[in-house]
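Going in written order, the chains are labelled A, B, C, D and E, and every chain counts its residues from 1.
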Amino acid sequence: MLEVKNLKAHIDTPDGVVKAVDGVSFIIKPGETVGIVGESGSGKSVLAHSIMQLNPKPPTFYPQGEILFEGRNLLQLQEKELRKIRGNDIAMIFQDPMSSLNPVFKVGEQLMEAILTHHHMPKSKAKQRAIELLKDVGIPDPEKRMNAYPHQFSGGMRQRVLIAIALACNPKILIADEPTTALDVTIQAQILELMKNIQEKYGMAIIIISHDLGVIAQIAEKVLVMYSGRIVEKGNVEDIFFHTSMPYTWSLLRSLPRIDSESRERLLNIEGQPPNLIHPPSGCNFHPRCPFATEQCKLIDPELTKRSSNHFVACLLSEVEFKEAKRLMENVEQEGDLKHV
Amino acid sequence: SNGSSSEETGEGNSAAEEKQTGGTLDVAYTSEPDTLDIMSNASSPTRDIAWHIFETLVALDKDFAVKPMIAEDYSASDDQKVYTITIRDDVNFHNGTTVGAEDVVASIERWRLVSSVGKVASEYIEDVKAIDELTVEITLNEVYNGLLDDMAAPKTGLAIIPKEIAEEAGEKPLVPEQLIGTGPYQFEKWERGNEIVLTRFDDYSQREEADWGGLTGKKEAILDQINFLIVKDPQVKLNGLKTNLYDYAQNIPTDLYEVIETTPNINPVTYINGYSMITPDKSEPPFDDLKVRQALHYALDKEAIAQSTYGNEEFYEMDGALFDPTQTELYTAEGTDTYLEYDPEKAKELLNESDYNGEPITIMYSNNNEAYKRISQVAEQQLEEVGFTVELEPYEWATYLEKWQEPHNWDIVVIGYSTRFSPNELGFLVQDTGSSGWYNSERWSELMTQWGLAASSEERQKILKEMNQTVYDELPFLKVANETTLDIMSDEIQEYDAWIGPRFWNTYKNE
Amino acid sequence: MSEPLLEIRDLKMHFPIKQGVFQRTTNYVKAVNGVNFTLNKGETLGIVGESGCGKSTLARTIVGLLKPTSGDILFEGESILQYNSKELHQLRRDVQMVYQDPYTSLNPRMRAGDIIAAPLKAYNQSNNLRKRVLELMELVGLKADDYKKLPHQFSGGQRQRIGIARALALNPKLIILDEPVSALDVSVQAQVINLLEDLQEELGLTYLFIAHDLSVIRHISDRVGVMYLGKMMEMSDSESLYKNARHPYTNALLSAIPLPYPMKEKKRERIVLKGELPSPSNPPSGCVFHTRCPFATEFCKGNVPTLDEGNDAGHFVSCFYPIENKQEEFARQ
Amino acid sequence: MQEFYNFLDNKKGDVFMLRRKRNLIPFVFLILLFLATMTATWWLPVSPSFMDSSLRLMAPSAEYWFGTDHFGRDIFGQTIIAARVSLLVGFTVAALSTIMGTITGLIAGYYKKLDSIIMRIIDGMLAFPSLLLALALVAALGGSVTNIIIALTFSFWPVMTRVVRSSVLQVKNIQYVEAAKTSGIKDPVILSRYILPNVMSPIIVQGTFIFARSILAEAALSFLGVGVEPSIPTWGNMLQEAQIYITTAPWFSIFPGIFIVVTVLALNILGDGLRDAFDPYAKGKKKVKKQMFKQRKQYAS
Amino acid sequence: MLHYTLRRLLAIIPVLFIVSIIVFMIVHLTPGNPAYLILGEDSSPEAIEQLEQQLGLDKPKVVQYFDWLGNIFVGDLGQSIYSEQAVTQIIVERLGPTFSLMVISMLLTIIVAIPTAIFIVWKRNTVLDPLFLSGSLLGTSIPEFWLALLLVLGLGVSVPIFPVAGYIPITDGLLGWLHHLLLPGIVLAAVEIGLIARMLRDSMLESVNQDYTKTARGKGVKESTVLMKHVFSNALIPTTTVIGVTVAGLLGGTVIIETIFTIPGVGQLLIDSIHRRDYPVIQGVVLFVAFVYVLINLIVDLLYAFLDPRIRYD
């Protein structure tokens, strides 16, 4: 249904060109849920915006690649055709709930606009639908809250409004850029449930970007891991969570605070600075921070290679090498810990 | 040329055409009068509009000679102290009543109160009384030959109004409802800031003398209505005439003459309009010193000033006399020989001899008039060339008037005076006032007294020559040039005669 | 026990709802509706709760951005509501806030470095300014060449870090963090949490930490408060709360945590809260949770529970029928 | 750590607005105009105030580039000299009213309590026709450029205040202002570094408007006798004097007119540059265009 | 809000009071005296004194002021020294033309400026933008009388579509009214269009890249709608302010346009009265203009709260 082929999205700045998305490819099928995780600043939002063709041009430009939606390249579509797709076929939940709502319009109006843009119906009906949507996303007292302005909403409430806007037209693809960051877990669960229901009902595909690996685990079937504008690992959830064979993903998972862990235990994190996207490191982008990096990693830029049927990894280490390295590392750490104790 | 007092414009063949009665004339008039009370207000806008409404006992004809108007006849006693005036018996007021001696007496009484000319005359008047229905007798306390001139003055002359109104108004200016005269047009309405409307007075009692002209003789109201529209901008007037929005526009900058000449359906109208002058303040240094005034005189190249100011030679005349050449009774060129002497070297010498030490002198002028502004600017340059230090101080008219009253506010003013009809009216020579720059001259005062007593034309000519001479000897002011006013009118207007200002009787539109 | 740094006494913050041409007040949103707690020096109090229950409002009231409808806020024993502007200025050096919203809380026309430097300049700590800023930036994981970038050139998480660096700049006594890590990837999140903990140890900082991520809360907090509809439902030290949640709402909350184990996650049972979501402008009578509480009775509708200490010392709960001994159940999960 | 500092030091010195060609040209123009007018008396072949009534209203020629006026003065010289007072009036009035308007507007918009007082005074000030004010000033202090500047400043300043205030009302509600407040940043800094840059664009638009209008208004006041001496030319009073010659001697009005327009344009471009310096979104447009062009080519091939 | 409105309405009184003092002082301190003007160039000091007495100008200024103020409270602004008409009546008479002119020019301004600004923002990266910029600046820096003359010569004289001057009240026919006011309206509008379109363009450019526009675009909303609705309504505040000030200013009359097109409006009234030192009229007009300003600015202030709900006054 959606195929992204070797997409590059670069941003021009006075200091140079930021290679925010630098050669990303993936495919989404109807009814599928793809999670995107990755370091903050790795280009997830830019990628999402590229699919929607919403990056401001300038400064953003697309030096290469294709985004094929139902066979049409979104990069080359006329604004008019894009418009028909946006909101209706592909909808997006924006990352920032605070500034993504227009401060001078009532929440209800903004929601109704989403409905009325693609469907001709009387205003009263649209209003009805809007109220329903608000209710679905868990806004209390939706009739009254329709008349509130965004600044009168809490962060989570605004986020839910954005979700409602995205869901308004039952899109074929939903791009959710950190849709639940501002939500408490109960509402988060409710929202994820809602998304799943719609997915089941209409065969909607979902691209969900999140830092909350729990959320990814809960909803996604496939996962893409991004690092400095590239996909460094992709595969089924299980592959990613249990058969990680990419040092970055592995480090990421290790940084998680666990609900069952002792409090105050020091969290692990990835050492070093995130890469400079204007002048990315040579070879493998992750090498300066990779605990297993070799001299080779500095020179050779690894391609995404197949590990198992659905599992692709961009790393020079083979699965076996990686496992070995991992084991060694964990041993060292434990020894270190013992010394401390 | 502007040498003749009245200028007939309009094409030759038009006279042959049938007069068209009726119609409305739209006149673009530059400034709105403060009042239409012609007796109390000496401004040109008041005069130009009000003389359609009001008439005087005696009036000036086209050659500026006094002729009867409402009066049938007049005579003076042998001792020249008693004037007997008879009134025409059929003169109607706009309110339907007829002019009687009582009305005239009341009007004279009011005139003595409110008119600046009337106030001068009033000092000589002992008594005014009605002898019968149509006869009035004025008794003077001493011989005063200016009386008839004063009564006939186009500005603040003796307009005849109904007795009740004269008494009711007293010193106050006439309000619109009181604008009842005997003229060929009557007052209709006044929308402040917009227009003044006059309509034909159907019961107007005409005089028969077609050749008198001026403000008397045969006046025929042919048009139904005259609208005086207040239009300030010259370009608007011109464009309005081009597009038939107006039929007549008063006071166009002479610089636009070329345009007018080349526009087919617009004809120029010109008439004399007094002269511009440079008046030094004679009460204070440096100009209390005659030498410095002489330096001023020699420093000014009046022809250059006039050319820069008026542009087209048609519109100014280099003549140094106190009156206009068309005023045959008053004009004499004698005594004005030094008028155009321009000698900067001599001016420098005179300045060196004097006490003047380069302290700045102030030229004050009112910038409501483009001409004064230009004269000042050119004069500034010429004066600086001979060693004066000059500062220009333009003011708007009201401020100017107030500043004018105080000698320390200025050293020189640039101003103009409209045509005057007797030495009595020469405001710029009235002794010891701001307007004359505090001119104090026994010689001049003596001449004025003689003027009041002079009866014959020869006597007067002699005095006038002496007056010119005095002005050039004592230099109370420096005349720049005679001005000619330019009006424009549509070629539909026929048999139009401007005299000294726009007058719309005896004229008509051919559409 | 160390001494209290911040005391909140029966704090209420009601926003007027305005309607009509003349914007007359027709009702109030009772965003914070009677909250009490004490925060001790060097402690971290985590606040969790339903979205829209008044957490941010509480935070904004504490830093003096909103004038509370009633109640009192004591900082080091003094009521800050009576402070004049000079005292307030001094207070602000000690109390800093990290905003929930990383986008609008940064001046779009200031460079990242200047944003972080601003509080330092405000308190005349300008010597070695640049060095200090770069240190702070490094602490929160920003690069040196980010110094002169403008906010819109950063990603969401990067902006959040600027906000954190700004709050840390002055070494305040109390930092109020309104969802500081929700936009961060786990690695940076770990880095920031580690940093916060280190700083607390080193400088004895006190945190009021608002978050939705219960794992993070658990990790960082000494005590946790659970809010619902403008009120505190439960408050205890975090061990006790996570192991032995007594309020039905807390319980539901804990059961809804998504876990990063795909297999488990897909099988897991959750307690789903039913019922209409109540509106803060028209809160339910009695216990505000009764409309959605699985254990509610008629009694709950008519009576307002208070935040009481039960058998466990230091474990306060505002419920007539608190759940006892949930430990085993929790362990099973 | 050390390398961080080195890195920064290399990049020191912000992209000053004049680095852009678009800003450089108007800047150079204004500087040249300023120098030209200040030194005009030395290099102009004919004294601009030299009158010769025989040379009235001559069309532009090799000798008189811009023709002559009704006194036969050289319009080119007049136009150059006129820049003195016009620029002085324009700049001073624009600068003064912008500065005062910005200050009062910031304060009124930011402090609720002062708002009602300041704005009522501003309302009152707005009501005074500048002409009346100028007349009174001339009466009190005598006629001069200073009085024109004062009178015009008084009439333009309140408008600026209102414009600034309205934007401040809007901006001050955005969270970064709150955030700054809670960081302990003092009000003057909040006003100057947080609010002002975000209300810059209406200020610049209004400021250049004031510049243009005050040059013209100066003429209107001069005409009423409260202006500078007529022998000192200004663009405004040149235009005023040229008014009746608009059809017969169009060059008389066209040249000062062009100078006004070009100066305002130059100033405006500079103002825009200034705003762009504050505008985070307005950077690097040009380069991108080139790249987009390239990209399109690629697609085409 | 109601409270705020009432407070503001009450505040009109002190504002007008202060304005009244200042205008009185200014008017009476300005040199020039109606007595000189009425009596003309060569009047005698005695006559002037007499007239001053008659006009009540010889009384102490304080007395004159309080006489005037006392009458204002009963709604009487006094009488013109010249026409002896009531000042209120004079203002009312002159208000018709001025108000008409204001309406026409404001309508023109808004009709042209707003779509232009939106269009330009839409085409912001094309050559149209700098062109527009120069155009708008031309509008603001071209003297009104120039433009007026050009238009009159073009559309009044060469191709006589419009009358070159004059005014017809709307009661004499809507068409004639419009016909006479269109040219002056255009001239006035040209200056304002330059300013307002510029103001709007710049404010819109400020918000054209805000996140909420992405949301709107993401909904599939047309770019033009995004601009016209979302960007536009966020950019309105400074523009509204300028429009407010302009409207109020126009109600005070525009001397140049009224003169060139001979429209008997408040501007001409004021300038004529200043020239004539018709004190009661000057004072009355200024007070009236002040009142209009305060009122319009109040409306604009209230509008802010509607245009941006985050703005609150209490």
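Observations on the model:
FYI, contacts are C-beta pairs under 8 Å (C-beta built on N, C-alpha and C of every residue); 3 or more make two chains touch, one makes a residue touch a chain.
This is a predicted model, so every value here is computed, not measured.
Graph distance from subunit A to subunit C, where chains that touch are one step apart, equals 1. More inter-chain C-beta contacts link the pair D-E than the other of B-E and D-E.
If you average the Cα atoms of subunit A and of subunit B, the two centres end up 92 Å apart. Look at where the CA atoms of subunit B average out and do the same for subunit D: the two points lie 48 Å apart. Remark: subunit A and subunit E have CA centroids separated by 55 Å (rounded to whole angstrom). The geometric centre of subunit C is 52 Å away from that of subunit E, both derived from CA atoms.
For subunit D, the set of residues that touch two or more other chains comprises 11, 135, 139, 173, 175, 243, 246-247, 279, 281, 285, 289. Among all residues of subunit A, those that touch two or more other chains are 13, 15, 56, 58, 96, 98-99, 151.
Shared interface positions of subunit E, i.e. residues touching 2 or more other chains, are given as 30-31, 125, 149, 153, 209, 211, 308, 310.
Across the interface of their complex, subunit E is touched by residues 32, 34-35, 41-43, 116, 119, 171-173, 175, 191-194, 229-233, 235-236, 239-240, 242-243, 245, 368, 396-399, 401-403, 405, 415, 417, 427-428, 430, 433, 435 of subunit B. The part of subunit E that touches subunit A in the complex is made up of residues 125, 209-212, 214-223, 230, 233-234, 307-310. For subunit C in complex with subunit A, the residues that touch the partner chain are 15, 29, 48-57, 100-104, 141, 143, 145, 153-158, 179, 182-191, 193-194, 197, 212-216, 218-221, 238-239, 242, 252-253, 256-263, 265-266, 270, 272-273, 276-282. Across the complex, subunit C meets subunit D through its residues 60, 63-65, 89, 92-93, 95-97, 99, 101, 104-110, 114, 118-119, 121-123, 130-131, 134-135, 138, 144-145, 147-148, 150-153, 163, 166-167, 169-170.
Interface residues of subunit D facing subunit E in the complex, by the touch rule stated above, are 112, 116, 119-121, 123-124, 126-129, 131-133, 135-136, 139-140, 159, 162-163, 165-167, 169-170, 173, 201-202, 204-206, 208-209, 212-213, 215-216, 219-220, 236, 239, 243, 246-247, 253, 257, 260-261, 264-265, 268, 272, 275, 279, 281-282, 285, 289.
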